[in-house]
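The structures come next, written out as structure tokens.
You will see chain A twice below: alongside chain B first, and alongside chain C after that.
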Partner chain A sequence: MSFFRVDNLHINLIEFQLREVSFCLDQGDYMMIIGPTGAGKTILLESIVGFWKPEKGRIWLEGSEITQELPEYRNIGIVYQNYALIPHFTVFENIAYGLKKKTKNGIGETVKDIAASLKIEHLLHRKPETLSGGEQQRVALARSLVVEPKLLLMDEPFSALDPRLRRETRHLLLDVLARRKTTVIHISHDLNDAWALANKLAIFRDGLLLQFGTIEDVFRRPQSRFIADFVGASILDGTVVANGSGPCLIDVGDFHLTSIDCTDPGKKVQVALRPEDIIVSKERPSGISAQNIIATRLERVVPEGRASFLHLAVNETELSVLVTNNAVAQLGVSPGDSIYAMIKSANVRIVQ
Partner chain B sequence: MAKKELFFWITISCGIIILAFILLPLIEMMTAPSFSMLKETIQDKDVVRSIWLSIYTAGLAALIAFIFGTPLAYILARTTFRGKHLIESIIDLPIVIPHPVVGIAILSVAGKNHWLGQFFSEIGIRIMGSVTGIVVVLTFVGLPFYVNAVKNGFESISPRLENVSRSLGASMFSTFSRITFPLAWRSMLIGIIMCSARAISEFGAVVVVAYHPMIAPVLLYERFESYGLKYSQPVAVWLVSVCLALFLILRILTLRNTKDE
Partner chain C sequence: MFRFSLTAVTFFITLLLVLAIGSLFVVPSLEDIRQNIWSPEMRFSLKLSLITGLTSTVLVMIFALPIGYALSRFKFWGKGFVKTIIDMPIAFPELVLGLCLLLLFGNTAVGKLLNSAGLNFVFTKKGIVAAQFFTALPYAIRIMKSTFDYVNPRIEFVSRSLGYSMFETFINISLPLAKNGTLASTVISFARCIGTFGTVLILAGGSYMRTEVLPITLYLNISYGNMGMALTSGIVLMVVSFIAIFIFEKAEVSI
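For the complex of A and B:
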């Protein structure tokens, strides 16, 4: 019996629809939901808290069904992007709001504890409108966490924060969550959030849950080109050539790849590669086993912040590789040069 | 540059014309009666009674709008459903219907020929020519102003505040009283002011349903018809002054509370 289960959920709100959404989480899981705007991600969170009535389907928490339960009895917290702090309450009153429904004693200490762990204890007497975005966000987190929800839902909680504040808040959040073993579902646009925080990943589009699995699974084995694009992987079409002993040999048109995944020879497959799993060198490397070594031509270098993407081509087939800017400089290559790409069989994954 | 200045002067001139258009007749009327006439008028029991009747029937209309209109405004602000625009249009109907028609429409259901009118007369409620009738008419014409003002007020409060409150264990009632109401009460007060201001100025519909007891606008009209402009002006001055004073007090009270927060 899993800790949290959504079973075949359908929501119909005229403008938005969710269809056939099913997934399970274990206690302490951190699930990241990504997907384009309008995919129905917020509606999913609001349905889990109980603001929308499902047309069909069931929701289970800790073994009991909560599909028809009122939001106030579910013990599921929600944090919104715009924080939704109560404007006529002080920070203290905001944090204590839910606590007052549960207990009468020790509210002051409990509020101070959570405020200290989120570094907002100096703000307790202030009104929300006088706080910065990052401070408001931490108040909203404190308010949701202080009642110790069984499940915490977050709808793009960091999207209004600058990158530095984002990193800080992630660390604070991880610290607080680790102590409480809170199960989390978090919507984000930022893949870095997923890498930094989550162990499970779900991809939504047009009200459908396209793929759900561990972070590794979704990032390395995206189930479609759309998901691959979304998580930054490349997909190649190929045919299984042989699956004797050892790794599986796959013909992807312009070259062959070996993969630890396998299926019947002759079968058409798609393989997924992650740009950070590919290593490049100018000379042909020797003495490396279990590696695919592919001779390619460098098409162009696309800088992206502190790293760059190298676009490599073997005739018609393109590969993209993520390298640090430093490594590009050391490599000393320019477009048109030949370059060797290496990828482990373990990182060549058959998608379907 | 010259064109821009011309544009500027046209806008200013139009603004001044409009202000003068509104203020000139009002100032003229307010300053026309002599002090002794004003004093004499306010000692007239009929005048005092009619102004008082106007104020409290309008107040009652606003109270009814508050009690029944607040939940409706909340539903309209928070939900979308098929036919919502139709309901909003129905609520706006009293604004566009000519006033005497309102009176006639109300008499149509309150009269002896209608089952509702028969029911009312059986339980001893008289609409025609009664204070009850006046309140019914004033509520009818004032409701849209209250409902619309409060609906806008509710719409400006993020439903996410209520969602968060409920996720933290507060019931809908508790959420409404602790979060929604404190944030919306100012728009409710504005709704009450708008509704009672509209109600206090109603003449056409009231005169059809209840010529007597006389509310201030009816008394005003009667004085004008029987004795002329000079005798109706002091009553008008008192009515306007009392209304302005009341609304001013309400406004000041709300402004003071804004500062406190």
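For the complex of A and C:
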């Protein structure tokens, strides 16, 4: 029996709908939900807490069904993007609010403990409106964490924070979570959040759960072009040529790739490549372990922060590769130059 | 030019209103007002107005808070119908509302039932409260609904996820966050109650020193040609409205 299970959940709120949502989590899992705006992600979280009644489907937590349970008895916490702090309470009262319902003793110490671990102990006497966004966010986290919820739901908790604050808050959050073994479901637009925090990933679109699995699985084997685009992988169409004793050989039109995944020869497949798994070199490399070496032409270099995407082409087929800006400078290549791309068979994954 | 003419029209109307209100204060002499205020009729009327007005306001708020919250938060069958009916008295002439109430509390089964419970609203002081209640209630509900619309439901959600029931959340979170709107709603209700004329006249009757509230005093004295008394009750009503609007503007809520 898994720790948390959603089974065939349907929600209909007219403006938003969720259909056939099913997934399981183990205790201590950190699930990241990504998907475009309007995919029904927030509605899913609010249904798990119990604010919306499902049309169909069931929800289990720790082996007992909670589908019909009132939110106040579920012991599930929620943190919103805009923090939803209680404006007429001080920071201390906000954090203590949930505790007061559960216990009479030691509230002061417990609040101070959690405030210290989230570095907000100097703000306890202030009103929420006098705090910065990052501080308010940590108060909201403290308020939810202090009652030790069985499950913590977070709806884009970091989206209003600048990148440096984001990293800092992620670290603080991971520290606090690790000590409590809290199971988390977190909605984000930022793939970096997923890499930094999560071990499970779910992709939503139009109220449907498109793919759910471990981070590795979803990032390397996206089940559709839409998911591949979303998680930044490229997808190539191909046909299996040979399926012998070694790795599987796949014809993707303009060149061949070997993959550790395999299926019957002649079968049409899609393979997924991640831009950070491909290495490039100006000269034809020798003596390296990568099984796929492809001669390509550099189309263009697209800088993106501290890294750049190289768009490579072999006739009609395009590949994108993520390299550091430093590496681009060292390579000394310009559009039109020929360049070799290398990728391990282990990183060429058949998705369909 | 466009901007100038629009501003000019605005000022013109404001000026007319100021003159109209001002004349209320300019025409009578101070001595007249002092005498009139201490006359037995005015003292009776003022006292009755305050007592019925306060009673009605309390009753109005007791109903407006839950109804406003229900209309703001919940979806339920027939909500559109309920909203239309509750809002209707705003557009209704007061006299018609009074007539409807008179018929309902008169000889119908409802009237008889209430009568046997000791609640006789026809031509009585209780009738004044009933008339004021139904006249002011729609305004109070509207203000409370829009006030609760502005309370972020996510704060209430968080409160519930932290173990508080809907009722506890309403008391701990929603009500304190709606305090400006509640104040505005109370003040507007009180002003509406004090100023209700048509409904009171029809349901409670406008009998001298019996069901005589301030607007009735104004009306009765105008009929006898006793301008001094009429003006004095006018001034008292005006002061109440001024204070009400002032507090309402301070509370910064929208209807």
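We adopt the following convention: the second predicted complex is superposed on the first by the 350 of 352 C-alpha atoms of A that agree within 3 Å, B and C clash if a C-alpha of one lies under 4 Å from a C-alpha of the other, contacts with A are read in each partner's own complex, and residues count from 1 in each chain.
One rule holds in what follows: a contact is a pair of C-beta atoms (placed from the backbone, for glycine too) under 8 Å apart; a residue touches a chain by one contact, two chains touch by 3 or more.
All figures in this text were calculated on a predicted structure; none of them were measured in a lab.
Overlay on chain A: chain B and chain C clash in the combined arrangement.
Using the contact criterion defined above for the overlaid structures, shared-chain residue A:Asn199 touches neither chain B nor chain C, since it reaches no partner. Once chain A of one complex is fitted onto chain A of the other, the partner contacts of A:Asn243 are absent, as it touches neither chain B nor chain C. After overlaying the two complexes on the shared chain, residue contacts for A:Ile78 are found with chain B and with chain C alike. In the overlay built on the shared chain, the residue A:Asn325 is in contact with neither chain B nor chain C.
In the superposition on chain A, A:Ser117 makes contact with neither chain B nor chain C.
Shared-chain residue A:Tyr97: touches chain B and chain C both. Across the superposed pair, chain B and chain C both touch chain A at residues 46, 49-51, 70-78, 80, 82, 84, 86-88, 97-98, 101-102, 143-144, 147, 149.
Chain contact summary for the complex, chain B toward chain A: residues 80, 158, 160-161, 163-171, 179, 182-183, 261. Touching chain A in their complex are the following residues of chain C: 152, 154-155, 157-165, 172-173, 176-177.
Per the touch definition, chain A reaches chain C in the complex via residues 46, 49-51, 70-78, 80, 82, 84-88, 97-98, 101-102, 143-144, 147, 149.
Those residues of chain A whose C-beta lies close enough to touch chain B in the complex are 14, 46, 49-51, 70-78, 80, 82, 84, 86-88, 97-98, 101-102, 143-144, 147, 149.
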